[in-house]
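Chains here go by letter, A, B, C and D, matching the order in which they are written, and residues are numbered from 1 within each.
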Amino acid sequence: MATKEHSWKHRIRQIIYQTDTPAGYLFDVLLILSILINSLLIILESVEGIRMVHGQKMINLQYIFVAIFTIEYGLRVYTVENRRAYVMSFFGIIDFLAILPFYLAFVMPVARLFPVLRTLRLLRLFSVFKMVRYVDEAGVLLKALRASRPKIIIFLSTILLIIVIMGALMYTIEGPENGFVDIPESMYWAVVTVSTVGYGDISPQTELGKLLASVLMITGYGIIAVPTGIITSEMSRVSREAEKQENLPLARCPQCGQGKHMKEAMYCYACGVNFHKKNF
Amino acid sequence: MATKEHSWKHRIRQIIYQTDTPAGYLFDVLLILSILINSLLIILESVEGIRMVHGQKMINLQYIFVAIFTIEYGLRVYTVENRRAYVMSFFGIIDFLAILPFYLAFVMPVARLFPVLRTLRLLRLFSVFKMVRYVDEAGVLLKALRASRPKIIIFLSTILLIIVIMGALMYTIEGPENGFVDIPESMYWAVVTVSTVGYGDISPQTELGKLLASVLMITGYGIIAVPTGIITSEMSRVSREAEKQENLPLARCPQCGQGKHMKEAMYCYACGVNFHKKNF
Amino acid sequence: MATKEHSWKHRIRQIIYQTDTPAGYLFDVLLILSILINSLLIILESVEGIRMVHGQKMINLQYIFVAIFTIEYGLRVYTVENRRAYVMSFFGIIDFLAILPFYLAFVMPVARLFPVLRTLRLLRLFSVFKMVRYVDEAGVLLKALRASRPKIIIFLSTILLIIVIMGALMYTIEGPENGFVDIPESMYWAVVTVSTVGYGDISPQTELGKLLASVLMITGYGIIAVPTGIITSEMSRVSREAEKQENLPLARCPQCGQGKHMKEAMYCYACGVNFHKKNF
Amino acid sequence: MATKEHSWKHRIRQIIYQTDTPAGYLFDVLLILSILINSLLIILESVEGIRMVHGQKMINLQYIFVAIFTIEYGLRVYTVENRRAYVMSFFGIIDFLAILPFYLAFVMPVARLFPVLRTLRLLRLFSVFKMVRYVDEAGVLLKALRASRPKIIIFLSTILLIIVIMGALMYTIEGPENGFVDIPESMYWAVVTVSTVGYGDISPQTELGKLLASVLMITGYGIIAVPTGIITSEMSRVSREAEKQENLPLARCPQCGQGKHMKEAMYCYACGVNFHKKNF
């Protein structure tokens, strides 16, 4: 019986954690659909007009989704090889947090009222990104982003420094009477400005403030070139590398030592030796 | 007589569908001009001041353009080789939808009043893009865009996830009393913010909301580097490829017909012939 | 005497049109300074507080600058070789338009009152860009811009089409009651949105309008990648080309035919022949 | 005793100016922490609610930080080899300005009241960037930025010209009655617009103004491609160069010491030695 249980466990694990079997693929598609529909439900539930009319139906549907995600979470915990690792992993915590609010409402009835908790269920959306692992292209993007991390950290630190200095300067120049009530508020204005968002809820009123803001705007406008340059040159490098490797089956001709042969080369273009005849 | 009709049909087809004859070129230029003037007319018609004064003249002009486009549509359907394919094609549907509102107004007189329908006529503008096919440069742009489609889809999905999560978070933090009336409205705010548009019709009022919004702004500001990196590295690759092929001294090996030889190649890498010995 | 006049003319021409003599260089520097100070004067003259106090002094200073620019224009016309070409050239017209308003005020006294005319004098600022010709870096920028012109035209046409279609759609969805009073106004909103400027003077009020606006914002946010990609790949190509030519003094080794030799190479890296010993 | 003093001085110098000893590293980390906490204190001090409650505690903490920075400044001046160079250097002046406001308050009691002076202490944040020197990645960024300086200056000049011309044009078109009170104000609007910030505090009201603003917006939106192209192509060049040097199998010719050999090189291009024959 232990073997039977083991084999059941193994089969469920295959379906849940793998995508290369038809059942596993179907499971993934259905799960993503459930997550998307559930998320749509949560979004629509927040609209007063819809909640008024379809409120009860939506709550009932929520029960179904909570049941689905609870069963899924239970099966994941039950069948996974390294239980502790899954439960403490990023996706394990998200899977748990997404069903938590529902059960919390039984223990402490007030919990139902906290919209913060209900929104937690949206976290399931992150699970969709588990699928991204399988996508090759995402790998290239992540690789480029990871390789440029040190440069991006330096860039963000510079931006942060600009925001603090500019916030403090504008606070002293414009002051609370013009909406720059304290340095954190002025820093918020600096973020709104340097990122070129520009809500207009706070904007400089004095001449000096406008001059300084202009400098900040042009800076923010131009400085975007830096992260773009970082990512682009990194992505170009990655794509250039991939190109090179496609072109080079043999690093060097074994006879004359000439390198850089194309993939489809049969003869060395420098000495004319036939790569396929000789035993190298 | 059948042959005569056939020859007429053939000639009209040449004029309508091709641009390499003087008549065909003239037809295209006149058609584009008609579309542009007609579009200008529709735009100006919406301005109350102009409609008051020139309303009748404009309606009369519209009759002429509808007549032109109806005749053009009729001739296209009549002369095209694969009728069904054209009628159901993207441009076929647009050509039809652009003249539809006028005739609909005869059948159901109220239709004339719906500005939505009248605006349909602007769709003809898309036809101008039919000409783009002939432009070489557009091909490079489209090729680069198409090649980076999977990366762009991943990017857009990530943006969408950020918008949903941020919208839900801001809805719970700021709440309806600060303008974030429901999650869709908050998501609209997130789009306005992450794209750095920043209308300022909704903006965070609480400290925590401003902090979170700042994170979103910096994210939105920096994340633009990703699609730029994708498109740029793709375009660089395309232009580099074109460059490479220009550098090849022999487009094809004169003996075996194999192409893509490096500048310094002395032997064909496919058949091993010495380029410099033989007299080609 | 004709020769003397000719020699005078020649010397003034050298000073005005060339920068490689000390006098010519000094002339250029003084002229740029005059233009900059004059422009600053015009800018400050528009500030009411400053005009009240220093108005008369400023008008007097203006007389001096008009005199300088008139003399300069006269000398340019007098000494230039091809008079007609200069007078009708871009800079010739600007030089004329910049002094015109002053003299026009004598003929028709009302002219003095038109600020539009006074602002014309700011056009002299363009002359500063005449100097750019001498700057090497500007050449690279202009070259890259010119080479990508067809791609940029296609891009701008697409943006324009998006603006027209979006403007018409939003006009029919939102209507005059929400600020989208006619299609031109809606197109103005579309420009404000797609360029991510987002003043917030007009913004969608209906749900459908907000959804459509969101699509436009994400489009506008992402589509900036296209011109960036165009310019960047063009500039990379130009810089790559320059690099290549620096590295390649000999296209091919005259003995073994191997190409791609570095600038400082004395021996062929493939066959070892000394480039400087043999008589090729 | 002089030697003992000298040795003390030497040791302190090592701790303060170097990071490769454990003590020097610890000193740097503690200093950065002090600067960050001190900056946080200054930011929070500006918030009225916090100042009311914790005001006295914060002032006491400030005393401690001023003491720390004063001692540090004293030690730096005392131990540095070239005293004059340090005191007049960028970081030397910042270190001095950051402690100045505190001591100034003793001499002229009113000084305490000037928030401008208090904000000066935030300048210490710049010192964090001293650490950046040690970061390799920052070097690449700075190198790319420095190499593209002439191009960036031309770009900024063009932007400035656009802003002046556009500001003057909009001032004459819209006029003071629409918020464009003078040319500097209109130039401020042009900056807000061309940088795509778009506060909306000033926005065009007339048709012609809106049309011109649209042109400016599209210009601002597209022109961002230029600095991005500049930085990106520069960074690509730097990374390509680094790549090339990595590909060289021999960093230097073992016979003549010449570097930068191509991967496929068999002979040194400088001295002609055969890399594969000799036993290096």
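In this text, a residue touches a chain if its C-beta (ideal position, glycine included) is under 8 Å from a C-beta of that chain, and two chains touch if they have at least 3 such contacts.
These are the chains along with the protein names UniProt gives them: A, B, C, D = Voltage-gated potassium channel.
This structure is a prediction, so every number in the text was calculated from the model and none was measured.
Annotation: the subunit A:subunit B pair of sequence copies touches via predominantly different residues, less than half of the used numbers being shared.
Note on A-C: across the candidates C-D, B-D or A-B, the interface recurring with over half of the contact pairs conserved by residue number is B-D. Farthest from subunit A, judged by the mean position of CA atoms in each chain, is C. For this pair, subunit B with subunit D, the centres built from the Cα atoms lie 41 Å apart.
Once the centre of each chain is set as its mean CA position, subunit B and subunit C turn out to be 29 Å apart.
Residue positions 155, 184, 187, 196-200, 220, 224, 228, 230, 232, 234, 236, 264, 266 of subunit B are each in touch with at least two other chains. In the complex of the two chains, the subunit A residues touching subunit B come out as 39, 42-44, 46-48, 115-116, 119, 122-123, 125-126, 128-129, 132, 135-138, 140-141, 144-145, 152, 155-156, 159, 184-185, 187-188, 191-192, 194-201, 220, 224, 227-228, 230-232, 234-236, 238-240, 243, 260-262, 264-272, 274. Touching subunit A in their complex are the following residues of subunit C: 196-200, 228, 232, 236, 258, 270.
Note for the complex: subunit C touches subunit B at residues 150-151, 154-155, 157, 161, 164-165, 167-169, 171-172, 181-184, 187, 193, 196-200, 203, 207, 210-211, 213-214, 217-218, 220-222, 224-226, 228-230, 232-234, 236-237, 252, 257-260.
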